[in-house]
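Report on one structure; see the data block that follows.
Order of writing sets the chain letters: A, B and C. Residues in each chain are counted from 1.
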Amino acid sequence: MKIAVIFKQVPDTEAVIKPDPAKPGAIGEGDIKFVLNPYDEYAVEEALRIVEKSPGEAVGFCIGPERSEAAIRTVLAMGLQRAVWICEPAAVNADVISQGRILAAAIKGFAPDIILCGREVIDTQEDALAAAAAHFLDMPHVLNAAKITIAGDKATVVREVEGASLEIEAQLPAAISCSKGLNEPRYPTLIAIKRAKTKEIKRVTLAELGVQLGPVKSRVAALKSPPPRPKGVRVEGEPAVVAGKGVEWLAATAKVI
Amino acid sequence: MDFQFNDEQRMAIDAARRFAAEKLAPAAAEHDEKAEVNLKALKELGELGYLGMTVPEEYGGSDMGAVAYAGAMVEFSKADAGVAVGVSVQNSLVNDAILHFGTEKQKKEYLPKLASGEWIGCFSLTEAGAGSDPASMKTTALRDGDGFVLNGTKNFTTNGGIADVIIVFTRYAEKGNSAFLLKKDASGFSVGKHENKMGIRSSSTTEMVFTGCRLPSDAVLGEEGKGLKVALATLDGGRIGIAGQAVGIAEAALDESLRYSKERVQFGKPISEFEVLQFMLADMATDVELAKTMLFKVAWMKDSGQKRFTKESAMLKLFASEMAHRVCHKAVQIHGGYGFMKDYKVERLYRDQRITEIYEGTSEIQRFVIARSILGA
Amino acid sequence: MAGILVWAEASNDGIRKAAREAAGVGVKLAEKLNAPLAAVMCADKPDLAAKLGRLGFSKVYAAAGESFSRYSSEAFSAAIAEAGDRLKADIYLLGATALGRDLAARLAARLDAGLATDVTEIQWDSSPLTVVRPVYSGKLLAVTELTAERKVISLRPNVFPAPAEQERSAEVEAISLEDVRIRAQVQKAIQAAQGALDVTEAEIIVSGGRGVGGPEGFKVVEDLARALRGAVGASRAAVDSGWIPYKHQVGQTGKVVSPVLYIACGISGAIQHFAGMGSSKFIIAINTDKEAPIMGKADFSIVGDLFKVVPILKEELGKAMKQ
């Protein structure tokens, strides 16, 4: 099987994120450590498992600025065979739907059986990439897969929704976004890290892909901090007493009961 | 000078950090409390290549080099210094000794299984009466026909209880000392007392008992009669591992202190806003940074093939371990009463740090080595 | 002025709460922009469509037929696009439920629209329409201008009020779609255990963390959740330890929730956890460690052993709820 994996580099979950005072809508990247988007690890792992079972090729596709090379090396060390990278600012700064269009153009020639990506990128919290890429490649999509079973030209995907889990059957080729719980992503072995150096990273431009982006669809005008929470009440003491105070507070202040 | 990790080193260290956070940290307090070895994690690290970081690929190693190894040691030690010392012993003492002093046959037999973690090794030098002065050891190896018979008891052997492979140092039949390489099923060998330690409790430390232990002649590691050369040369490299451990423990103590001091409120403001605390934190951060810089310098010296870095590795081990002592001491102080409680990580770090000033050459021995070197004695 | 179209997501027994909240936003926007408003429904439930008048719609497009008996993003997005064409809609509103987010993504691609997901605030008088949505796991809020002609907006559940219901019926216009290619469709739904509420929809969440100590420890958490008719949440530490399934995880790599009340039991409140529940209206934390980060952020923090405090809370709250 041929699997395309869409991935992105994002700030580490522990990073302290602050708006860049000089650039409205952007964050200050100074001290931030960047990592492979955590959900994308599940996509890479799933792709590797699929090609281990049904031999083929697993190729990574990434939109991201120059610093993204570290994430690209990481997916190659995990086992993807090669990577395609679009690092033009116009692509990097595009909205999620336009990025879906760009990735679709990049992926098209590879003609994958399955496109995988993480269920969400944890920086901009966008979760539409798989659906957008699927639309532009005229294939179905399923988001948030907790389990993927492939049989013939169909994938059966289990995903959670509120209060139920759904079993969805998708005709291949299809794009599927991956949730935690799908698998346990492998750690790259040190030997694989060394071998990643020899794998191909191909840079492509929007012009080469034949993509022309229309007018800007959305733009982040500003980033602001969430309002601080008011200072809370602290109680300490006998369990019965503090629990009683908790109930009083819920009734009087929070008015929850 | 180019003071940057290359891509591979950075990725090896990043992967180590992730492994430490996901596989070591969650279980570290429990392993410490129960004095249990996290053997599962150690084996997994073997599969990933972290137990053969300086072993060439032809012997099954990952050959990432000393810089990546030092960085990985820092990451493992931040999460569980007991697992980290197991990694250090395997890489720096066992693999390196075999790599530099072993015959081709020994390398082929032992290194692939050690580098992959299938076998765990230990380095048995210390005795009850021979610590800083290994030449006074009492364990003997006497010629017996074609081979040797070993008798005596070693103590404080790291990885002793989990070792499949033992490097043991003995007095030698004719004169001097010899190193021997054996497997745990050698007749006449047994593991003795398991030590109940103050720190690094998630590592195994045991006596190693040799009672008429019979070994073939090709069990000798290095030159017959020159075992101490094997020991001392190997310990030079070992200091990188222990210094990495000290830096990791100290960095963890610094991280905990930064976090705690921003959260702990006294006199109506976070204690990090008091200058007295800020100065402590600044000193701690400076200490950690300097030790780390020296750590990577010595690792770089090793990677770039410099033969002599005895003085630098002694300085590194001396400074890093005593630095970790200062930093952990302050970290507990910053935490106040809570730092004295087992609920807080700094309590464990404080205990774990202490051994770094003692094993693989005490601070006093390091000073002796440094003084001898700079005085040209 | 072009119109505003709201997706009325049906549940087993009516219209989803998140869809009613989207209706509330639709009504208010229609008023502000003086724009026509309609709902679109993709379910074979004609009675329900007529009842949408109660939420303030005078017009409802109802797509019915075999294609809509089970969810598929292809058929549903086609129906919404068709309704949008008829209404000449340029604003599409959906509740950011699991399927709402799935559908919004496909719809936005199909319409080549500007997409804003999981919106928590709307700047009512802005032009171009400007919305606010959490980014970086809620560490920041992105003030986002939707400059595209067509805009698809999914709204975070539990944030916007549902409109006051009124006696009014809506004109229902049927949409029938031929030749929709459906290549991915729900085959079956396995309902969660009765009464097991999902954290994203719950108004009250009781969550357990490392301090719960093990799978058995979650019983006290579950008991309190049940007494409050809330959902059970968990921290990543508890999920990674295998004490409770992933679907309960709240936080940066789990679910992002905005309940009215969030009760954190034995959770330290790492930045990643706070990212998932920091927008809760009220937070109660119960922890033996008074320095745990969550204790500084909670509205009400109880220093104590959760195994002692939580059962008493359950007892007392259970009584109060009955009254």
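We adopt the following convention: a contact is a pair of C-beta atoms (placed from the backbone, for glycine too) under 8 Å apart; a residue touches a chain by one contact, two chains touch by 3 or more.
Values in this document were obtained by computation on a predicted structure and should not be read as measured data.
Q: If I average the C-alpha coordinates per chain and also across every protein chain shown, which chain's average lies closest to the global one?
A: Looking at where each chain's C-alpha mean falls, the closest to the middle is A.
Q: Specify the chain most distant from chain B by Cα centroid.
A: C
Q: Rounded to a whole Å, what is the gap between the Cα centroids of chain B and chain C?
A: That gives a centre separation of 51 Å.
Q: How many angstrom between the C-alpha centroids of chain B and chain A?
A: Their C-alpha centroids are separated by 38 Å.
Q: Using the average of all C-alpha atoms in each chain as its centre, how far is it in Å between chain A and chain C?
A: A distance of 20 Å separates the two centres.
Q: Identify all positions of chain B at which a residue touches two or more other chains, and write them in rising order.
A: Not one residue in chain B touches at least two other chains.
Q: In chain C, what residues contact two or more other chains?
A: In chain C, residues 296 touch at least two other chains, as defined above.
Q: Using the touch definition from the top, which residues of chain A touch two or more other chains?
A: Residues: none.
Q: Quick one: in the complex, what on chain C touches chain B?
A: The touching residues are 237, 240-241, 288-289, 291, 293, 296.
Q: Going by the contact rule set out above, which residues of chain B touch chain C in the complex?
A: Checking each residue of chain B against chain C gives 22, 26, 260, 263-265, 338, 343.
Q: Per the contact definition, I'd like the list of chain A residues that touch chain B in the complex.
A: Touch residues, chain A against chain B: 35, 69-70, 73-74, 77, 187-191, 193-194, 196-197.
Q: Quick check on the complex: what are the chain B residues that touch chain A?
A: 7-8, 10-12, 14-15, 18-19, 47-50, 53, 57, 62-64, 68
Q: Which part of chain A faces chain C closely enough to touch in the complex?
A: Counting only chain A, the residues touching chain C are 11, 13-14, 16-17, 19, 25, 27, 38-39, 95-97, 100, 122-128, 130-132, 134-136, 139-144, 146, 156, 159-171, 174, 179-181, 214-226, 229-230, 232-237, 239-240, 242-247, 249-251, 253-254, 256-257.
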